[in-house]
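Questions regarding the structure given below will be posed in turn.
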Amino acid sequence: MAKLVEYKDMAPRAKAVVDTIARGRSIKPDEINNVWKALAVHPDVMERFAEELKAAMGPGSLDPLTKELVYLSVSIANGCDYCIASHGAMAAKKGMTVEMHEEFMAVVLAAQKGNKIAQAYRVPVDKAFEEK
Amino acid sequence: MAKLVEYKDMAPRAKAVVDTIARGRSIKPDEINNVWKALAVHPDVMERFAEELKAAMGPGSLDPLTKELVYLSVSIANGCDYCIASHGAMAAKKGMTVEMHEEFMAVVLAAQKGNKIAQAYRVPVDKAFEEK
Amino acid sequence: MAKLVEYKDMAPRAKAVVDTIARGRSIKPDEINNVWKALAVHPDVMERFAEELKAAMGPGSLDPLTKELVYLSVSIANGCDYCIASHGAMAAKKGMTVEMHEEFMAVVLAAQKGNKIAQAYRVPVDKAFEEK
Amino acid sequence: MAKLVEYKDMAPRAKAVVDTIARGRSIKPDEINNVWKALAVHPDVMERFAEELKAAMGPGSLDPLTKELVYLSVSIANGCDYCIASHGAMAAKKGMTVEMHEEFMAVVLAAQKGNKIAQAYRVPVDKAFEEK
Amino acid sequence: MAKLVEYKDMAPRAKAVVDTIARGRSIKPDEINNVWKALAVHPDVMERFAEELKAAMGPGSLDPLTKELVYLSVSIANGCDYCIASHGAMAAKKGMTVEMHEEFMAVVLAAQKGNKIAQAYRVPVDKAFEEK
Amino acid sequence: MAKLVEYKDMAPRAKAVVDTIARGRSIKPDEINNVWKALAVHPDVMERFAEELKAAMGPGSLDPLTKELVYLSVSIANGCDYCIASHGAMAAKKGMTVEMHEEFMAVVLAAQKGNKIAQAYRVPVDKAFEEK
C-alpha cells in the first residue's frame, strides 16, 4: 500500500493542493481522502492531476452528477477498486438515488455486453457512423 | 469481419428483433445498423442483447443522453471501436453538443488518469468510502 | 501493419519454425498464417512463442476444442481482433458447431457481466473460496 | 466492500432468486455466496444476472466444466479477483483436476502472449480467416 | 474514423499547438501526424495533451528512448493500435535497434505473463514489498 | 489467496527453480518472494515462467533498469497489484531515484491519455508510420 502522509506532515506544495481541494468541497484539509495523502510525496503528478480534475469536473454544460457517472463508468470498466469506492460515494453525495444507481448499472452492463459482442463477432463500423 | 445479413434475408426471429428496434428508433428495418445484421445468425444472443439494451436504455430516472454518455465511457475505456463510432453518433443524435463532448472527454481522460494513479501508487480505500 | 515475410524469403531459423508448425497442422509451409510471417524477422520471440504454443495446445487431459475455446475467450476479453479471427477459425476446424458457438458466447457474455458486477459492487471473496 | 445481506434479511424478490440458485446447486439458501448477498439490494440487476447465468451455464452441447473454464478464462483476462476465486472453486467442483488446471493455465498464458504479439506487431488478419 | 484537419485549415489555437510541436521535432507544420489533425477541432483536449506530453517526454533523468519504451509498453498493454504504430516509429527514430526491440518485446511478454500469473493464482503481496 | 509453500516444504523441481533465482539475486532461497511460493505447486508454469523471465530480464542491449520500467509500465496498464508492488521495489533496487519515478509516472499517465485520445477520436494510422 502507498505511504499516506497526513495533512499536518505534508510539504508546502502538497498542502497548497489540499487546501484548494478542501475549500472546493467544503471539508477540512485533514479530511482529505487517501489518494491525495498518497500523492503528497509526488508533487508534480499531484499538482497536474488536481488541476486536470478541477478543470474536468467543474461547472459546465454537463451537470455534476453526469460527470461523476462518466467517471464511475470508466473506473468500473478499468476495474479500479479505489476509484469505484470513492466516485461511487461522490455520485451518491451529488444526488444519485438508489433508482438512478440501478439504471446506471444496467447501462454499464449492457455496454460491457455490447462491447464484447461487437469485438467477438468482428462487426464492421456502419458507413453512417463514419465522420463526413 | 462478420457476415452481415440484410433485413430482407433474415430469418423470422431476427426480423422480429429488428422490427421492434426500428419502430423504437423511427427508422426503416433495412436501415438497421451492422451489429444487428451480424447478430442475425446468432438469434439467442441477439434476442437477449436487444431485450437487455431496451431495458437499460429506456426511459427512467436518468435521462437518455446521460445513458448514452455512460455507454460511450465504457466503450472508450474498453477500446471498442465499433461501439465508440455507433454510440458517439447516437449521443450526438440525443443532444450532445460540441461543448458537451469536450467536457465529456475531459472527464473520461481525468478518470483514466485517476484510475492509473490509484493503481500505480497502490492507494488504500478510505474508511469513509466503505459501505456501512 | 506488420511487414509480412513469405516462407520462401524467410531466414533459416524462421523457416525451421514454420516447417514444424506446418507439419503439425498438415498444411504447406507457404500456407502458414500471418502471425508467423510477421514474426519471421523477430526470431527469438518467434521460436519461444512457437514452443510455448505447442506445449500449451498439444494433447493432454483437456481436449483440443476446449483449449481453443479457452484461447478464444481470453482473446475476446482482451479485444484482440487478429486472435479472435484466427482462433475462431481454428475452433470451427476442431469441431465447434454453430450451437456450441452460441453457448460459448453466452458464457463469455455472462462472465463479462459477472466480472463487472463483482468489481462494481466491490464483492468480497467468500471464506469458502479461499485456499486452505 | 459491498454491504452483504444475509438470506434471512433479504426482501422477497431477492429470496426468490436465491431459492432458485440454491435448489439448482443443492445447497441451503443461507450458504449462498457473497455476490448474491451483495446483489440483494439491487433486485433488477440480480434477477437479470441470475437468469442470464442460468441460461448460459445450464446443460447444452458444451459440457459444464468447459463452460466453467471459459468463464474462468474471461475472469483472468479481466483481472476479476472475486470471479477467479469463485469460478476456480466451481471448476474444481465440476471435475477440474490438478493436471487440467496446469494445462488450462498454459493455454491462458499462451493466449495472453499471442494476443500481445498480434497487437504489438500489428499483424493483419489473413484472408482465409475472414467470413465468406 | 476521425475527421482530419490539415494544418492550413486549422483555427489559430490548433495552429499554435502544432507550431510548437513541429519546432520541437524539427519538422514542417504540415508534416504533423494524424492525432493532432484529429484533435484540431477539440482545442481544450489538444492543448492540455500537448502540454502534458511535452512535460512528460522532455529531457530529465530518464533518457528519451527509455521514455518512448515506457510509452510503447503502456500502448501495447492497452492494445492501442495508433499509439503502437506512432510510438514504435518514434522509438526507432530515437535509437531503438532491432536487438533492443527484441529485448523490449521479450520483457513486455514476460510482464504480461507475470501479471496474469499473479492474478490467476491470487498471489498476496510480500510484506517486504509494502511501503514502510 | 494462493496457498504459499515455503522453500523447505517445496518439491525438488520447485526447489531447483528457487535455487537458481536466489543465486541470481544473491538472496537466500527462503527469502524468495510470494509468486514463487504460490507457483511451487504448479511446476510446469513455474519452470517456464522462470526461464522466460531470466531470458527477458538478463543482460543485453537494454540496461536492467529500463527493463524493470518496461515491466512496471505493463503492470500498471494491466492493473496488476502484486506486480506493481514487486517490480516497483525491484526498480528502486536497480537504481530508480525518486526523480526518475516521477518522470516515469508522468510518461505512463501521458501514454494512458494518448491511448484513450487515439481510440476515442478514432484516429487513423499515418501512412508514414506503416511498415514499408
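In order of appearance the chains are A, B, C, D, E and F, and numbering begins at 1 in each one.
Operating definition for what follows: a contact is a pair of C-beta atoms (placed from the backbone, for glycine too) under 8 Å apart; a residue touches a chain by one contact, two chains touch by 3 or more.
Worth saying up front: this structure is predicted, and the values here are computed from it rather than measured.
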Touch-network distance, chain B to chain E, counted in steps: 1
Farthest chain (mean CA position) relative to chain A: C
Centroid comparison with chain B (C-alpha atoms), farthest chain: F
Pair in A-E, A-C or B-E that repeats C-F, with over half of contact pairs matching by residue number: A-E
Length of the line joining the C-alpha centres of chain C and chain E, rounded to whole Å: 28
Where chain C and chain D are represented by their mean Cα positions, the distance between them in whole Å: 20
Centre distance in Å when chain D and chain E are each reduced to the mean of their C-alpha atoms: 35
Residues of chain A whose C-beta touches two or more other chains: 1-2, 42, 45, 48, 52, 55, 76-81, 85, 105-106, 108-109, 112-113, 115, 117, 119, 122, 130-131
Interfacial residue positions of chain F with respect to chain D in the complex: 41-42, 44-45, 48, 78-80, 131
Residues of chain F touching chain B in the complex: 76-77, 79, 81, 84-85, 105, 108-109, 112-113, 115-117, 119-120, 122
Chain F partner contacts - residues on chain E that touch it in the complex: 1-2, 4, 33-35, 38-39, 42, 45, 49, 52-53, 55-57, 60-62, 66-67, 69-71, 73-78, 80-83, 85-89, 97, 99-100, 103-104, 106-115, 117-119, 121-126, 128-130
Chain C residues within the chain F interface of the complex: 1-3, 48, 52, 55, 130-132
Of chain B, residues touching chain E in the complex: 79, 101-102, 105-106, 109, 122
